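Take this structure, written in structure tokens, and hold onto it; I'll ask about it next.
Order of writing sets the labels: A, B, C and D. Residues in every chain begin at 1.
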């Protein structure tokens, strides 16, 4: 028999969080970075790790602590990245690239903390760049969202990128 | 039809020494050699284009490729089959975009030129705009291939006007083909539909794998075998009573235990069926061939058709450049089989040798890595080893062809590349050597030839 | 192809076709990547016997393996039977490499160790000794950096590196504990010809203030002259462009600290430099110990290896056609650095020069567009220029090489294209000139 | 050939309740995550004993051609499996000798456009969805498989089990060398 997590998650929460993910994606597509920061908890952690391409039997530990990290950001570091994008000197983003995020497979589980839930989702980022150069990233995300006085805020995001070789010349985008 | 290419001198013998047993890797990756293959092999060989069962009625058609040339194969009102280029003589547009179907006309989307199922130009949109001297309809039909011929349900075509007949092309290999095509009254048919997939590998890797490479099975397909066989690996091969047989580049490698491939299909009902008809098969094809049928075996028809008798996958490797081919997969069954046996075979084939099959999944990975590693300029100049069993040739009373003892062998592969070399270097097909001298010359029905003793 | 007209280092000019032409690319694979010493691995990446690392030499797939006796060998990653790739993992530890296709297995020393059904299929007649993995002709190490070379006639690695060792040692030999590369390989595909990032990092201090203005305005923690935002000033005193060392280059500041200017928290780094400066001076001498160790230095080993002590990233470029490359990056550290500092370096490397690095994210599009703009029929016939500060170079006390003042010049780029041309013209190594201009005849103390 | 072997799909067209829609949507997402993680042990538990898992091979045919390429189970198919046959395919991965699956492929299954409808049978629901499955292998091999699915899911205690799945892949020629993936 199928083992499904029987812990009920309210349909209302489900809808609210799904809406929040869509909203977040729309803010980022529109480069409304400051509004996006509003959705993050102050103690947010934002990580993307490279998946290792090793044989299955390889149980060796990572090459170093923090090895293979693409993003390992806190609120201040995310803000710093946004400062750069806002500096007016990021020529690669001017003219702006067309970016569209597709969010799907939104799945919710209870978390250990009472006011938090785990949200799984999948993201595809289409980037249409100069002269028909179209690139695409796909990744799985596991988030922790926290419910507070301001509603839901993002407390943690782990991003698992599917690419062994990054298929674009930069990642000037947030996942 | 004369297809000529003024290119490099034929100097292909530099790429191999089959007496020593090595090949140069450039034949699997070099773009110029590939171009030459299209001219010298695909434009001159007899190529499989259809099985008769795919075109039962007049007007039935299918589209396929001969080399990289797109062709239409169509059943005529008189029951014959014609093959012509799928390209309008007016501006060259493709005239048929469907994989298969039934029609009375092929009408070009561009200017509405209409051709009948024989390829003849029957009409044009706004026909009045052509003066009488502008166009001779007889000369502006779809370009016919030079020759079309059949062997027991398989339809072949060639662009070459000269060169051997299909019977001579298949030669003594017909004796083996009968095990697939004529093991039961009524002949064979293909199950409806065709599964196609793209593999980034040189087409020859697919052909050579089926023509003789029993050796890879125990390793590459260990996981597939165990999944179909209750966790058991491949049984050891009986090297005394298994063989490689090569005829003019065609090849069949086989055991004589009679059950191996049937077993891998994983369908007990099918096994029972064949056991039931095996005595009849012996009457029909002789004792030897009834023992061979169903054994661990694989075969290829030069240049690009392969199949597994017993498992019943039937396939063609269509070249799409030096580092890519399209694999077309069918299921071949006897017409006389009851429906449930046909269903069982179809499910069994797709579970083992479809793109999601337990065996198939491991092959593409190997072939594409064998090919793409040659992007390296140092790597591509290294030789590959084709020497296995080089001293084990035998004379066999019953088995035609160049016969080697022992199923683990590179003999058929060497035979295939020898034929490849013969064709690449021959200016005239008639000048190509027979390898070996045929035994069954003048025999029109090889089914009745159980072996040389009977001759 | 004759390349004599494609590069003119006396006037500082290249034909754009060198970035897009297929034939030239094939020639590069043979005459540059098939001939030069190429970086394979850092010894810290394969510490134990059986450790392996998969990489490329040109487009040849290569596997580098630590042997039982501690030595290192490299082989074509291709089975000698049907040519299949035998290893598809990036790295690991193995007792044998077994081909997926027929199960031939090769020992870490490349020998053919196992053949399934050897007696049944080959009747024991297979000459295994002739069917080992094809070995890369030369493999040699220089203080932790392992290089391989396909050309039997190549000079020794020591001679190949020549006076560039003077600069290599600033990272490799400043501290007694040696060095390491950290992290999983960060791989990025760029639509760029491989020469463009090399010429960018080998000498192009000019783009820094402009292309990276956004990143610099966001992260520069120390207000250093010469690292000005928007190309507003150049400082001829603060840096050197050093070339004329067998095609290798260095671009260096002379302040002894600026490598760490982009760390959000430079204080621990400054403390480390201060505490260990005497050691560095003792080992490297006064010039390097005081002025180079801790500075921002770009080191280029021809043709495709670059690393920046201070900023602490280490990178190799693998060509994938005239218009495409893969860029592989790691963080680099001195083993004497405390753990927290190593962690900070890794963290900063991912902020500045990783896949999502603030600086890297500026460069890719420029390089790709330079490549793209060399494809047009008319455009390809045009020239691009490396004529900045032409003729303004010479010797300098205490340094090897032909040297131009300042970080902003195109002196190094000219030497890079000169070396490219020399290799592309030469039929064999014998025709490739060797030069170490203004070689230091007397070694500095402590560098023996 | 046997004519009665077709894939019958109950049709009532009545949308399911919000709670049911939520529960089944979560179920197909969970299933997708299991496939992404190669958690086949968990996945098989989501399959009913009387499973039919069917993905026909679709040829390009003219519109007037009435050949039933979708429902006819006797034609060539990538998958035409019952539970036992699915398990056989999966057992290949447990042998430890499926060399081409090592190192592992990276997968993402994106499931979207999920619609849930009631069927004639109580406790069985029809779920329509679209999939976009991305695979990335070795260094730079990648492909995308896109298509739609029609499922029947059956209530089983607090959860659901997959009874039928019809997958229509939008490829004519499968643009990859294999299908080491379930959709």
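The rule is simple: a contact is a pair of C-beta atoms (placed from the backbone, for glycine too) under 8 Å apart; a residue touches a chain by one contact, two chains touch by 3 or more.
The structure displayed is predicted, hence computed values, not measured ones.
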Review point. With respect to inter-chain C-beta contacts, which pair, B-C or B-D, contains the greater number?
Key: B-D
Review point. At what distance in angstrom does the C-alpha mean of chain B lie from that of chain A?
Key: 50
Check your understanding: Using mean CA coordinates as chain centres, what's the chain A-chain C distance in Å?
Key -> 33
Practice item. Would you pick out the residues of chain B that each touch at least 2 other chains? Key: 220, 362, 365-366
Practice item. Could you tell me which residues belong to chain C and also touch two or more other chains? Key: 88-89, 100, 187, 189, 326
Review point. If you look at chain D, which of its residues touch at least two other chains?
Key: 99-100, 103, 138-140
Revision key, fill the gap. Among line, ring, star, complete and other, the chain touch graph is other
Review point. Which bits of chain B are touching chain C when the two form their complex?
Key: 25, 28, 205, 213, 215-216, 218-220, 236-237, 239, 362, 365-366, 369-379, 382-385, 387-389, 391-392, 406, 408-409
Review point. In their complex, what parts of chain C are in touch with chain A?
Key: 45, 88-93, 182-184, 186-192, 211-215, 217-219, 229-230, 264, 326, 339, 342-343, 346-347, 350-351, 354-356, 358, 360-369, 372
Practice item. Sort out for me which residues of chain D touch chain A in the complex. Key: 18-19, 22, 26-27, 29-30, 32-33, 36, 42, 45-46, 102-104, 106-112, 132, 134, 136, 138-140, 142, 156-161
Revision key, fill the gap. The answer for chain D against chain C in the complex is residues 99-100, 103, 138-140
Point to revise | Of all residues in chain D, those that touch chain B in their complex | key: 1-2, 5, 56-57, 59-62, 65, 67, 69, 72-81, 85, 88-93, 95-101, 172-181
